[in-house]
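Next come two complexes, and both contain chain A; in the first it sits with chain B, in the second with chain C.
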Partner chain A sequence: MANAVMGYKQSSFPTKLAAISGIALLIFIILPFVFGDFQLSLMSKLLLFGSLGISLDLVWGFTGILSFAHGVFFTLGGYASAYYLKLNLSAASNTYGGELPDFMVWNGLETLPWFIAPLKYFPIALVATVAVPALFAYILGYFIFRSKVSGVYITIITLAISSALTTFFVSQQAYTGGTNGITDVSKLSFLGSPIPPIGLYFLILAFTVFVLALSWWLTQSNLGLILRSINENEKRIAFLGYDVAQFKIFIWTLSAALAGMAGGLFVPLNQFISPVYLAVAFGTQVVIWVAIGGRGTLVGPLLAAILLGQVQNYAEKVTQDWQLVIGILLLVVVLFIPNGLMSLLPKQLSLANLSKPKLLKTPDAVKN
Partner chain B sequence: MEAVLSVRDTKMDGKMESVLSIKDLNVVFSGFKALSGVSLDVYDGEIVTIIGPNGAGKSTLLDAIVSKSPVFSGHIYYQGKDITNNSPHDIARMGIGRKFQNPNVYNELSVFDNILLALKGTHGIWASITAKLTKEKKGKIFDVLSRTGLVDQAFELVSSLSHGQKQWVEIAMVLAQDPSIVLLDEPTAGMTADETYMTGEIIKSISKSHSVVVIEHDMEFVKQIAERIVVLHQGQVLAEGSVEEVQSNPKVIEVYLGHETIKATA
Partner chain C sequence: MLAFDPSSVFLSNLLLAQEEAEAATGGLDIVTLLNQALNGVGIVGILLLTGLGLAITFGVMRIINLAHGEFIMLGAYVTFVFQDAFGMDLLMTIPFAFLVTAIIGAVVELTIIRRLYGNPLETLLATWGLSIVLQGVVKLIFTAQLKYVKAPPYLSGNLPLLSDDSGGALISISYYRMFIIVVALALLGVTMYLFYKTSWGRQIRAVTQNRDMAKCLGVNTKLVDMGTFAYGCGLAGVAGAVISALKTVAPPMGQDYLVDAWMVVVTGGVDKLIGVLAGSLLIGEANAVIAFILNDPTARVIVLAAVIVLIRYRPEGLFTIQKRS
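Let's turn to the complex of A and B:
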């Protein structure tokens, strides 16, 4: 008995996982030196989309809350970042000179609205890219999860939020740039000089590693166990003393914060943000990355975002009907690989398996 | 105020204090009275066995205690504190553990993880992120696993276990919670005679350090463990007493035991 206890290995970062992550990271570090400009910016974008997918995986894959609103959190972070870059255009490169962004001038604004003005300052903008989506998600989550709303109704609410915000941002032209969004923004600068594309790539790569590492760390702890339990049967765990709503609000808000950060980095890369990313279509894309990659696998959504992005890139070149190609591909994966691409990997290699909380089979330890 | 008075009321001969005190409880499901006017006290370290025909309201009584079903009127006091309609997680944290009628366990987790989840301790977010699997915790987990005979299955997925073993997993979970009161809803359903006997012994050992409320149908098993029996019928307490008293009660024979005998001989 004592041996059984002693022999039980504590879950630590497995060597195999460390080796695989090391190699993968090395590839991503070398890639930009092989890539041309186009691939460099495409891969930067796909890493951000992958991070957004990982953030959704935390709430959907692990906790079982299917959300179409992750594009919204991403875009809220994106707008915060876009205001910052827009307000930091030099007067010379601003269409009308002066400080007021062009779209505000067109829409008859004469002064910068008080709630946008502070975003001119980097620290405030940086905080806003995280805090605005997080606060929005917190308030939303508080009402959804503290009330008795559950399952498919939550998903319907996220769809409604996505549509409502799209309409709202389109209608508030003077403040949001309407359908066009915020365009012609300045380049993100570091110590006075604009960051080159390769610098942006590495910044985004570092962010992706951060999102992945944080999510891995969280999900292999007892928190991961609790989230999986909420997913399997949320009623039971309350009778073990857990406040289910509190855990849901936490992971939901954290996930939105990560999505917002991804959106914040997206604008310097993309050079604009628009309500397109608020819309249900984009929210659905995020859901697709997670579904294709494999729910609860973290790496899966990242891989899926990169693969689908690349397939789309080549399909676009070959045929006009690229959307059909993508559609058929999705259908095949969903029908024949319902647990996503990661489920094709040998069991021992999948991150899901390696990071499964404390599920270590050590039969020798028990037999003694 | 009321709570204080009730504690005094429930003192038995001024000596024993009830851990759980149920007063005039009514539970109503859209017009249907599942429990009407049920009062019951559970004292420290005793085993209370609840019997009664199907649909008598036995499970509903436990549901009301752990706030799974809302109480329409009446009160539930735990250690003198009114816990009526408190949130389930608060009630669990106070020290009331519940095993459900159908094993309500996590099939996609290992036995070990099920117990780890149930382990008494902090239930906050940060605490769960930073929680370490200490030697002490492992010891506690293997302790409840050995008490329920599950050590060899510790790292198996619960979905691979038999029905009887799942029942034990849930009993082990309740033990890991280390509650003051253990509520067990038909813990031997689906068990072989040997398994049932072993469960009886487990329950007796639990009662050395906890108060236990058991719902049971199997009269052999009831005789093995019972100290005090409460008979529920159509949402009301029909009789209360020792095994002999209940067995010789004509009302009980009519609505329940007679029926059981017929079933047994058929």
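Let's turn to the complex of A and C:
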């Protein structure tokens, strides 16, 4: 009997998918040893952006909520991590020698505000990078999903949130560093020694694998089925007795937490965070990765972020008009390839096909 | 600037209240308040002007048009080109701004919007893509350099409403702000006339209420769609032409107006055109009053938050009569 169960399990294991993802992971593990310093940091950044794209795909591709606010969640996590790194600058490297970050001194603050001070400690900062965006998203989600507000209005609300928070962060110069944001932060260190770029790369790679695996597992579970049903026909799933709003709030909050973590990892890499990442333009970037990569594919946004980022890196040496290319690409994808570039892959390579379990063998075959 | 600290906000309110009490005898405070209210009227004019086009494309046609700001930008560039090349007066360029943006709007409707009717999220994405493309193309043609448009000389200066003893103006409103309000109200009047008094307007309303029935009765719905969208874009173009003299003209300028225009239309409700006037009055004056009590960025944040709350509880807008559906 035990054998039979094991036989069943083995046969349901998506071998092809495992092989392909194994190869892909291997490539990403080998890459940093081939790359130069610049490519290393670029790839780390793009992996984070890809994870951000995956987190948006959970709410947009699967549940049908288009959000321009994922840049906001990302940045909230980023600020939490930036405060931690800024407050841990050694007194010598701080411009004014003291405890207080330089931008606070410039703006006439004399003591560290109580709501920023605890971020000096790593465990608190770590929790804050996840909890602050998640809590914000939970409150927001609770507010908007438990109402009769429908799809497009929610998107407009996310636009307004992004616009309002940008204005707010720019105006609170003494606390947020204003337009410049928080710059000149210390390096992330582990046991007292700073983590080298390659270490950061592997940390980020591990995070990306975690986000991808978690999202994959979630969307394959019954929960994923419910989310997709909400996308297909919200009313029917409500009639079946499911509390639609609760599912929406859950996935929205989870997605914001993932985005916040990505933001938290972004600051040690980027060495600064600013309201640029709060603004609608960055939120749009995230939407574009998902739209171009393919909604509901998870891998699509990751690949799109990496691909577009690499092309942008080279294109910007030639042309000033990269944004125009992005706009045209978005238009073409929406009008002609609504399911994104992933849908252009041959059928055999599609994720659904790869993950399909093989047909069960006959009981005789299972026995051995 | 006020710091983000509840106690200091409270304290400054207290201080303001004290100042008010002290100034009450001199009457100075009322002057500042009146000036602020007039300032608000100026904002209302701009909001009404920029929101009107959207009230057509979103309010009437239900097209989620995120490229609305770019049509405003295009109108401003048309004015710049005509003024730069032919030395035309700003007033003379307004019809051209309307025509050019309306034609571009018609082309956009034909090539993009038409394919996506009944698919609001896709429309939203496509128009966002369009907005990036339009900015990029304008940047390609005119470079990212800031352009300046001259206001007509007879519209410069201020109209003093109240003078002090020595003859200096205490309360005044600039002629240009008055001009903006006049243009905005005139456009609103023209649009309402077109919608409620002409056969074209009747066709538009018929198509929005029951597309199939209108088609059966011989209305060319596709032409009506194109015409209405083009008209909405043309209005945005006029807004751009009028605003161009207020600020510099640059490719990303439309973005500033996009969010505001949306807030106005969403607040006013999409049921009646007059809602856009109510929406801009409410948002403009609220903005001016809160900015007077606190400061500009805080006012913007509070107004945006209020609009979010409004959408949550009344997505159909404040000034819409609730219907049984």
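By our rule, the second predicted complex is superposed on the first by the 325 of 368 C-alpha atoms of A that agree within 3 Å, B and C clash if a C-alpha of one lies under 4 Å from a C-alpha of the other, contacts with A are read in each partner's own complex, and residues count from 1 in each chain.
Convention: contacts are C-beta pairs under 8 Å (C-beta built on N, C-alpha and C of every residue); 3 or more make two chains touch, one makes a residue touch a chain.
The structure displayed is predicted, hence computed values, not measured ones.
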Identify the partner contact of A:Ser221: answer first if only chain B is touched, second if only chain C is, both if each is, neither if none is.
-> first
Applying the touch criterion given at the start, work out whether A:Ser147 contacts chain B, chain C, both or neither, answering first, second, both or neither.
-> second
Using the touch definition from the top, say if A:Leu331 reaches chain B (first), chain C (second), both or neither.
-> second
Where does A:Val170 make contact in the superposed view: on chain B (first), on chain C (second), on both, or on neither?
-> second
Could you say whether A:Glu316 touches chain B, chain C, both of them, or neither, answering first, second, both or neither?
-> neither
Have a look at where A:Phe247 lands relative to chain B and chain C in the superposition and call it first, second, both or neither.
-> first
Is A:Ile157 contacted by the first partner chain B, the second partner chain C, both or neither?
-> second
So, A:Arg236: does it touch chain B (first), chain C (second), both, or neither?
-> first
Starting from the residues of chain A touching chain B, keep only those that also touch chain C in the other complex, and list them.
-> none
Chain C to chain A touching residues, read off their complex = 1, 3-5, 64, 112, 115-116, 120-122, 124-126, 128-133, 135-137, 139-140, 255, 259, 262-263, 266, 295, 297-298, 300-301, 304-305, 307-308, 311-313, 315
Contact residues on chain B for chain A in the complex?
-> 66, 68, 87-89, 92-93, 98, 100, 104-110, 112-113, 116-118, 123, 125, 128-133, 135, 138-139, 142, 146, 151-152, 154-155, 173, 177
Interface with chain B, chain A side, in the complex: residues 1, 4-6, 8, 10-11, 218, 221-223, 225-226, 228-229, 232-233, 235-244, 246-247, 250, 357-363, 366-367
Quick one: which bits of chain A touch chain C in the complex? Just the residue numbers, please.
-> 64, 66, 113, 143-144, 147-153, 155-157, 159-161, 163-164, 167-168, 170-175, 280, 284, 287, 291, 320-321, 323-331, 334-335, 338
